[in-house]
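A, B, C and D label the chains in the order they appear, each numbered from 1.
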Amino acid sequence: MANEHTIKESSQDEARLTETTRTEALSDGVFAITITLLVLEIHRPEGYEPGGLLHALLENWPSYLAYAVSFLYIGVLWLNHHSLFSKLRRVNLGFRWINLGILFTTAVLPFPTAVLASALAPGNSSYDQRVAVTVYALAAAAMSASWLPVFPYLRDHQELLEPTATAEYFRAQRLRPVIGVALYGLAVPVVWFLGPAVGLSFFVIMITFHAVTSEGLREGPLGRLFRVRRADRR
Amino acid sequence: MANEHTIKESSQDEARLTETTRTEALSDGVFAITITLLVLEIHRPEGYEPGGLLHALLENWPSYLAYAVSFLYIGVLWLNHHSLFSKLRRVNLGFRWINLGILFTTAVLPFPTAVLASALAPGNSSYDQRVAVTVYALAAAAMSASWLPVFPYLRDHQELLEPTATAEYFRAQRLRPVIGVALYGLAVPVVWFLGPAVGLSFFVIMITFHAVTSEGLREGPLGRLFRVRRADRR
Amino acid sequence: MANEHTIKESSQDEARLTETTRTEALSDGVFAITITLLVLEIHRPEGYEPGGLLHALLENWPSYLAYAVSFLYIGVLWLNHHSLFSKLRRVNLGFRWINLGILFTTAVLPFPTAVLASALAPGNSSYDQRVAVTVYALAAAAMSASWLPVFPYLRDHQELLEPTATAEYFRAQRLRPVIGVALYGLAVPVVWFLGPAVGLSFFVIMITFHAVTSEGLREGPLGRLFRVRRADRR
Amino acid sequence: MANEHTIKESSQDEARLTETTRTEALSDGVFAITITLLVLEIHRPEGYEPGGLLHALLENWPSYLAYAVSFLYIGVLWLNHHSLFSKLRRVNLGFRWINLGILFTTAVLPFPTAVLASALAPGNSSYDQRVAVTVYALAAAAMSASWLPVFPYLRDHQELLEPTATAEYFRAQRLRPVIGVALYGLAVPVVWFLGPAVGLSFFVIMITFHAVTSEGLREGPLGRLFRVRRADRR
């Protein structure tokens, strides 16, 4: 809609409204690098006794767990980002700033991953483990918070959207980061009252929630049941 | 085929069926970063006596070997991935998940590479070397396993394929990950009974197998003999 | 303008004038990797007493500050680079060299970030902190200096520009790197006379300046007031 | 030329001849990551006395020199790669293998850079410095050697070329890797007879040679004098 408007816009405002190409390229770069840098956080076995490599590797399980959880997490974030950008036709400066905020909270994730992996190693105090899980929860809450401005901003800048992006889609999406902030925030008291293991399980549930709703609360697996009906309405 | 079907699909299902562009961008990013991060696993000579750099560098040969093998391995995996995506017209959410599984087992490879490089260093026990080769074999088997769902999934989602992707191609490809899992699994007893050197040779053979069949068991070098006949049949 | 000229150019000079695609791909890669590598410079807490993780993490605040400042800085540089390339239709060898200069001063930023983070750690001498802030200021001045040749070069090579790139835009942009070099250079005596904290505040102001003028001194937030008038004039 | 041939080729041989897009994406990724990873090889000052940061930073000059030389080197290699791919219309499996060879010798460069930076540090024996420069020279010779198959292969696979790629261009380019291997090989005796400083100067000359001939021995700055004449002949 408003194609005429867009063309005029593009000639007077050419510095501000651009194709999504480079923003997607930078974002894919950051996602790809972050997800791949995680492997550097897996503790390499060192200084083991002769014949002790197997033991050293097995003792290292928190590294593998932290790696797998963070890989899954960033993978899901990328799926969400991909799904979002498939609704966008163009981006402007304001949206590029919002996107930089998302990349900020994404790119920092290897740090809480490293903290978590080292604190879960055998022999560490339970207090330190709660601290580490709390750090991870706060990083995840910040990640969700960085998505908060996305949907309100797009509601006010319809000119950025593909015609296929329905108002319904954005209503459904808007709640997801709010739920994310609330639940990751909730993970903090859970960790302190119920221990780090329960806190960690919380993350796995949250990431699964992000995964199955990556196309919005309604357009995901549940929403598919209603797909035909909506297609009719259009 | 079924172009009409696809167009309708794309208007009602726009969040789920997308161009392969961004999935390829993320994948190329992960492949490029993983293959380049390997260089950080080459042990930098440190703490050598004055005049001892040459000796320290030469003693470091397992790092170079592990680097070369892993570089070749990831290069071949990229060729396979490239060949696969040249058959795809679009991807959906399910396939993006399968692709994330492949990226997971790819991105982790610098870790077994580091374990292998450090265990093969002179003075380590043969037991630790067998452990390290076993870790590498299991990582490689997991890599092949992550390819297992690709071809069955595409068989059931023909709408993702380019018209040039023949059923024959997929029949030929389907067996490759199965063979990979079986042979990398077989490398484990080989290492324990015949020693790490034989186990390592096994990898080189396997990677060569992946390389010469990167276009499928039949469309590779061998299959080229039959190319003209198949072109006639179309 | 001079479309005819360009076409002839492109057939005789094909090795030198190319699309901006690959130059943007390399640049986005370098920006994405640099901004993501910063996370490796955040000091991981190590060797803390049992129960001391929280204290170790809190003591680590200079790492987080340095990370945040550098992330913001590189993000703004990317916005500027993006804005510049949206004015370019093609690049030639000379411009690719200028771009490599920009990438050089960008890719080096994790090093002064690491120096800053480690020098600000509690217990370091104020002298070392001034040295570290000076190093950062010089790196930032070099970064601005690497932008100096951009606008004069483009003024002399109009064939690289999109028709939407007005002379006015380039006049407005030309001053920005000059101001950057001057002010970052000014940060050096500020640090030595007024201390590292004032010097650091200087950077935050500078980066904000870069941010709000990323579309030129006039086309940014201030310039928007005049947008309608300029659109009329065209 | 032979457009008809190419189209038939593309329908029967679709798995083997593809657009250059993904090969360029992987290559740009590897170049961007390698050039950016170099910064991790700059030795971070550690364990200095209070007030000793400046001295520690200045003592570190070999790191900066090695960084700058390697950055320039990889930048020039990217310019060459870019120039080559601007002549290509498509790539096949054989060429993708040749390209992987080039990426292999590129991605390994941070390792000799690190060896060089650490060996040039004050207090190291001149013998170790010669070893380090030799390692760098051999890596550079291997890099040139990986370009050897490019031009002969393209001469035999004209179907990969853009129509603008003239036979003359390839004749001119073919000699460059040969000269590279010879001169970098020559750097080895130079280092041993004349010392590491002369050897290092050799590299700077070589990289400059690569830079000014990045468009071929004739199409570079020198060749531009003849440009008009050649354009007439076409």
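Here is the rule we go by: a residue touches a chain if its C-beta (ideal position, glycine included) is under 8 Å from a C-beta of that chain, and two chains touch if they have at least 3 such contacts.
Note that the structure is predicted; figures quoted are calculated from it, not measured.
For the copy pair chain A and chain B, the superposing rotation over Cα atoms measures out at 90 degrees to the nearest 5.
Placing every chain at the mean of its C-alpha atoms, the farthest one from chain B is found to be C. Under half of the residue numbers found at the chain C and chain D interface occur in both copies, marking it as a different-residue contact. Chain centres here are Cα averages; for chain C and chain D they lie 26 Å apart. Chain B and chain C have Cα centroids separated by 37 Å. Within chain D, contacts with two or more other chains are made by residues 25, 28-29, 32-33, 37, 40. On the side of chain A, the complex with chain B involves touching residues 24-25, 28-29, 31-33, 35-40, 42, 44-46, 48, 50-54, 57, 67-68, 71, 75, 78-79, 82-83, 85-87, 162, 164, 169, 214-216, 219, 227, 230-231, 234.
Within the complex, the chain C residues that touch chain D are 11-16, 18, 22-23, 25-26, 28-30, 32-34, 37, 40, 93, 96-97, 100, 103-104, 107-108, 110-111, 114-115, 118-119, 124-125, 127-128, 131-132, 135.
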